[in-house]
Amino acid sequence: MLLQVKNLRCGYGSLEAVRGASLHVCTGEIVGLLGANGAGKTSLLKALVGLLLPWSGEVRIAGRETSGQPAWRCVSNSTVLVPEGKMIFAEMSVRENLLVGGYHNPDRRMQMELVFERFPRLRERQGQVAGTLSGGEQQMLAIGRALMARPMLLLLDEPSMGLAPLMVKEVFAEIFRMKDAGVTVLLVEQNATATLKVADRAYVMETGEIVLEGDAGDLAHHPLVKRAYLGQRDEDDSGQPRQK
Amino acid sequence: MALLETETLRKSFGGLLAVDGVSFKVEVGQITSLIGPNGAGKTTLFNLVTGLLPPDRGTVRFKDQSVTGWKPHQIARAGMSRTFQNPSLFGRMNVLENVMVGRHCCSDSGFWGCALRLPSQKREEQRIRAASLEELDFVGLAYLASFPASALTFGQRRMVELARALATEPEMLLLDEPASGLNTSEKRELGDLIIRVRKRGVTILLVEHDMSMVMGLSDSVVVLHNGAKIAEGTPVEIQNDEKVVRVYLGGEVENVAAG
Amino acid sequence: MGTGDLALQYLLSGITKGSIYAVVAIGFNLIYSATGVLNLAQGEFIMLGGMVAVTLAHYVPLPVAVAGAVLVVTLVGCLLEWSLFRRLPNHSVLHLIIVTIGVSIVIQEASLHIWDEKVRSLPYFTGNEVSSIHLLGAAISPQVLWVLGTITVAVVALHGFLKYTLTGRAMRACSANPEAAMLAGINIRNMRTLSFGLSAGLGALAGCVISPITMTHYEMGAPLAIKGFAAAILGGLGNPMGAVAGGLLVGVLEAVSVSRMPAAYNDVAAFVVLLLVLFVRPHGIFGLPSGQAVREH
Amino acid sequence: MKPNAISLLFSLLGSSLLMVVPSATAANSGPIKIGALFSITGPASFLGAPEDKTARMFIEKLNASGGINGRKVQLVVKDTGGSPEKAVSFARQLIEEERVCAIIGPSTSGETMQIKGLCEENKTVLVSCAAAEVIVNPVAKYVFKSPQKDSQAVLWIFKTAKAKGITRLALLSSNDGFGAAGKKQLEDLAKEEGMEVVVSEVYDKQATDLTDILTKVKSRPGVQGVVNWSIVPAQSILAKNMRQIGLNVPLFQSHGFGNLRYVQQAGAAAEGIIFPAGRLLVVDELPENHPQKALLAAYKKEYESRYKEDASTFGGHAYDAILIITEALKKAASTEPEKVREALENLKGVVGTAGVFSFSPTDHTGLDMDAFEMLTVKDGKFTIYKP
Amino acid sequence: MKRLSTGIWADKGGIRSSVEDEGGTIAGRLRGLVPVIGFAMAVPLLHLVLRVAGTEYCLTQLTMAAYYAIVVTGLGLLMGYAGQVSLGHGAFFALGGYTTAVLTTHDFSKWKAATGWLQEAHIMVARQDLYGNQLVTVTPWAAFFAAMAVAMIAGCLIGYPALRLRGHYLAMATLGFGLIVAKLLVGSNLTGAADGLNGVPEWILMPGLVVSGKVPVRVQNYYLACGLLLVVLVLLRNTVQSRVGRALKSIHDGEKAANSMGINTAAYKLKVFLLSAALAAAAGVFFTHYTAGIGPSEAGALKSLRYVALAAAGGMSNLWGVAIVSLALNYFSLRGWFGTYDNAVFGALLILIISLAPAGPLQPAAAWLRRRGWWRNAQSSHHGTP
């Protein structure tokens, strides 16, 4: 088991964003983490890499307890997070972005070749200032930058957000191909349909808790998934009808 | 009658078009929801309406007068009050004082009156205190009045912020994701509270991600996507709108069975 | 002396002063970008550089003394970050400004008691006090060329470091987006320490080369810091090229204002222009209106 | 509000009890107290620091030799940091609490002027170490000063300039008290002495480069000489900048140039600078029978061996100030303010570092034109100027 | 009203509302008066102690420190409540002091045409200076109003545009303003250039009450200065505990939210800036009459920074703390306690207090006392988590 999270609680100030979540990711898997906005998915990822200090619970990566370590240690644990909103270094060139991504990788030039092979578009634009790339290219750059560190575990936070449909497809195809490269992926997404297509298993989060877990194929038809997004109401919900 | 009306509002940041020609109406006494995926431009639209951002183009009409380009405090005085996505309580005041800030636009003592504690100011202060306590009681937190705002739980902060917004005696209340960060029971309480606010005759505009809440409360729903309005209608209409479902779940719709 | 020569002479005088302000401003920017701290003690690094070099020059040859001074002050800068600013992560802008003011005062007073109130200076690197080079009718001291040369080299070297080395790139990454930099495995705390060290070392180098011209004494830091602050603000905080432009602008402005009005008010002219610029463009001439430049708290 | 303030109030009260140190010693027994206000730190520290050192040295030596009329002398030194309000506060303390019989200092004319009225009111003798003429003109009964008069220095400079055939001058001064006072005298006396002021500029006392101002001077036609009036380090910068931009006219400095350090800083650029000064700087060149020689040599030697730094005329001002007071005290044989003042006013022929002091009710400086010698710099050393 | 037992309204067990106590009941009102009464009692008590100890002369420095404390308290209001930094407050003190000094020492007798009726209107007065020269000068009262006007005009000139700036930029603008004022004062002969002005006459506020540093009136001046400080403190306390104070605090904590609550944040920022500038200028006027002179160092950056340091040391938003800390530290400084380490002490203090106790040294001290149970007040119930 590559990643194991037990009873993780974390949040900001008095806001408890993750309320005792447990999950695991096995080596070689692609695992989806679904849920509506504000469900606590991003906070969970942040806690995994140390951007957010967990309040309690434990995080084990490859069997080693990592919670409480500063965020820059995650790379040495072979874990890299591709944060939400890309967060590329906008004023630096594509090449520089990648090189910084391989900060701890002594073979960074070789690794860059591999990334370029994977994303030929980045090679074409390697001298360009990253901020001028299109949204999809920026997302590729962000993933490429993460791969520069040769992670075992890749954490992706909403890679499809704000992308054109064609681009979304491409990004997901890329995620699917990660498997071949031997990278384990934990994918946080709002796009449930696409996620469940590429993932092996998935978890559904609601208000900081994991409410559902299962194989991707089963979940694709589970009513809870749609409820989590579109708020289809259960019969027993206490609210009265509001229509006039 | 439309209390709030926007016409082809447009706002861009640098090259990014955040709100692209949005026109919508909020009817008096109704709960209108504004939904859409992340980055759809809901909060920007909110900020345009409440004056925190000036629109590039388009107009905002409130109570049949144009409030385009007004400053937030002028708009607040006109009767439009709002809450924020992250409850922005004033951390160094206690809960009651926070709500009393909301009474600012309903009072008028100045520096001199306050410094000298003139009788009129004292009476006004009493009124402010009483009214604020009433609002706190309305949201059910009167017992927390003397607590420092920074010591509250997240859910309590939301409620206090709501009380503060209500203290301005608004005709219209804009709530920016009031349910985010709340747990299930807190959400239910919030929903009840919103109903009670509406009963007081306050028109409500709601931005929310929690769909059960939106669908349960709203009289009408406006859906934004990439800064543009893509649908408008009753909750039932919206839930069955293909475009909306596609925007929300992504990919091919038929793969996800209806609940 | 013709009008053209005069103008050139004023310009050179302005550039001499301006290049010093520019170095201070670059120091401000280095630290500001990496840590968000506006280090008003920047001028003290210049003073310390000069003081240490003068002291060392009694025992070792001049180049060694300069190198030693740069090294010592770099360490002081690192120590400052490590012992103080690292421990204040959640303080507001206002608090941090006040702390740096405190640091500035303490360093100044400590220097008074370590050394004394007397003026000292390094010898001219080449030539002496009276030698001058004629340039299109204007005359300047060779030391001015040393200053301009050293500062140019330092700025170019700094630019190269930031642009072409991994550590430099990592530093830029930290200022562009600290969170993403952390996720790339960069220890941003060390980068912050490094930025203080670099900034201090740069200041110390400047303090050494200007020492023969301006001389070194314990109170010289604060006025330089204020001018450098003005230059950094004019150029837009966090914009290194803006700092150079801002510094030169303040220097030239002072020199030119002397030709038109009583010299007693030359600072006034510089600051009035600064205020006007700020009021019209609240983010400096080259600053960007959005982003970190105006972050509050 | 935070009512915890009260707790602090009480602790303040407590500490105020602790800080009460009985200091009201009777005026006629125990050591004689002399107060001193020096700007040991702050912008004028290059005046105050040597003054402080000199004064302490003087008093130590005086007490070692038995004090005044058998009574030891106690020097109460306060560091004003160059702030007028502190000078006022400290002057009051010296007068009311320490009950000093006289005050020496402050170092700057600004501070002196702030406490001039105070000393006058409280009938305490003040011997200032600042040079500005306003301190003693108009004369206040209790206020004296030890440095030479600005006007005399100006006259010396103009006299020397005239002898060199120079009549068109550029005047530069720093924006501190010394510079301002000198500028006033220069401009006032220029007319009387038939000098033409081509340009007059004031520069910042913390200036690091004066090329621009000198360029302005250079651009004015017919400038035959430059007179600079300041005590700050910038006067060395000025000398260098002048030579660098090729402004090759004689440079006259004020008596504020009297510090070998400035010459060292200006290096080769200092060569040929002409300035009036007391004879401390050229003690070796004085003829053996010169009245000041023995005293100057002794002071210089003692100061330099004790503090390992060159003696300057600034320290000399403090030396003279104490000397004058001790002489007056000896003569008055009392610490009664009125008697001390009277004795001081009638002191004649007291040899000090600046010159031979002879006071009168209308002259509270006590030095005549003869207190100055025109000096110049040759091979990095001060030497008497010979036309 | 029905309350739900879970979620937001959960676990309210046993906490009684203490809100009514604060403004309404007599006990609450008394509690608010404790610092006022404490201060009002400490002033004569201190006098008594000093008198018994035979060190009444300490009142001189206490008086001076009290005037400085007024400046710092005003700055505390600006920084602690409205969250606006000013690194140029010394300039307002100096503008007040210098205006009054120029008007009351400058001889206007040359203006024959105007001085006549101005003297009739008691705006000008003929008097003698130290050397017995006859002068016609402006009366201190008229000069006071002129000084306030000058400070207000300067405050508007800098405040109106500057308060649109934030953070570092505002700091720079105010610092620049201070430097400009300082340079103008040093550069002008009217203001005595580097020497400053002296021989400022005493200011007869009313028969029997005079602002002057002379020994016979030392005691009344002590009470006057402390009284003024107390009045300022009470007025400011009233202000911050009112609608206006809440508006200011809300600007500090969240300008956007404040603005959305109907608070005209720009207007409030300008008003509080002017208020604190006015306090500084008024203190400058009194101080100048008290010390009979003023020098350019009063406008210097170091002085302004010292005010900021003192405000920070007192805890900024704790007006009583600010007043007391600045009173104490300035007193020690003016007594020369720190010798040649005066500036170093203030620098070190700044670093220590901001890094260890940003809310002011009184805060941890009070917390400690509270823990030991030695200090109980309405506030103590505020601390703790619901």
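So that you can tell them apart, the chains are marked A, B, C, D and E in the order they are listed, and the count of residues begins at 1 in each.
Here is the rule we use: a contact is a pair of C-beta atoms (placed from the backbone, for glycine too) under 8 Å apart; a residue touches a chain by one contact, two chains touch by 3 or more.
For clarity, every value in this text was computed on a predicted model and none was experimentally measured.
Path length between chain B and chain D in the chain contact graph, taken as the least number of steps between touching chains: 2. If you compare D-E with C-E, the chain pair joined by more contacting C-beta pairs is D-E.
Taking each chain's centre as the mean of its CA atoms, A is the chain most distant from chain D. Seen from the C-alpha centroid of chain E, the farthest chain centroid is that of A. Centre to centre, using the average C-alpha position, chain A and chain B are separated by 31 Å. The geometric centre of chain C is 35 Å away from that of chain D, both derived from CA atoms. With each centre defined as the average position of its C-alpha atoms, the distance from chain B to chain C rounds to 48 Å. One finds 54 Å separating the Cα centroids of chain A and chain E. Shared interface positions of chain B, i.e. residues touching 2 or more other chains, are given as 152-153, 182-183, 188. Contacts with at least two other chains are made by no residue of chain A.
Among all residues of chain C, those that touch two or more other chains are 109, 112, 262, 264, 267.
Each chain pair that touches appears in this list: A-B, A-C, B-E, C-D, C-E, D-E.
Chain C meets chain E in the complex at residues 38, 84, 87-88, 91, 93-95, 97-99, 101-106, 108-110, 112-113, 222, 226, 229-230, 233, 237, 262, 264-265, 267-268, 271-272, 274-275, 278-279, 282-284, 294-297.
Residues 166, 169-170, 172-173, 176-177, 179-188 of chain C are the ones that touch chain A when the two sit in their complex. Within the complex formed with chain B, the chain A residues making contact are 11, 13-17, 19, 36-38, 158, 160-162, 168, 190-194, 196-197, 207-208, 220-221, 223, 225-227, 229-233, 237-239, 242-244.
Within the complex formed with chain D, the chain C residues making contact are 1, 6, 9-10, 12-14, 16-17, 20, 109, 112, 116-121, 123-124, 128-132, 134, 138-141, 210, 213-215, 217, 219-220, 223-224, 254-255, 258-259, 262-264, 266-267. Chain B meets chain A in the complex at residues 31, 37-39, 152-154, 157, 177, 179-184, 187-188, 191, 209-219, 234-236, 239, 245, 248-253, 255-259.
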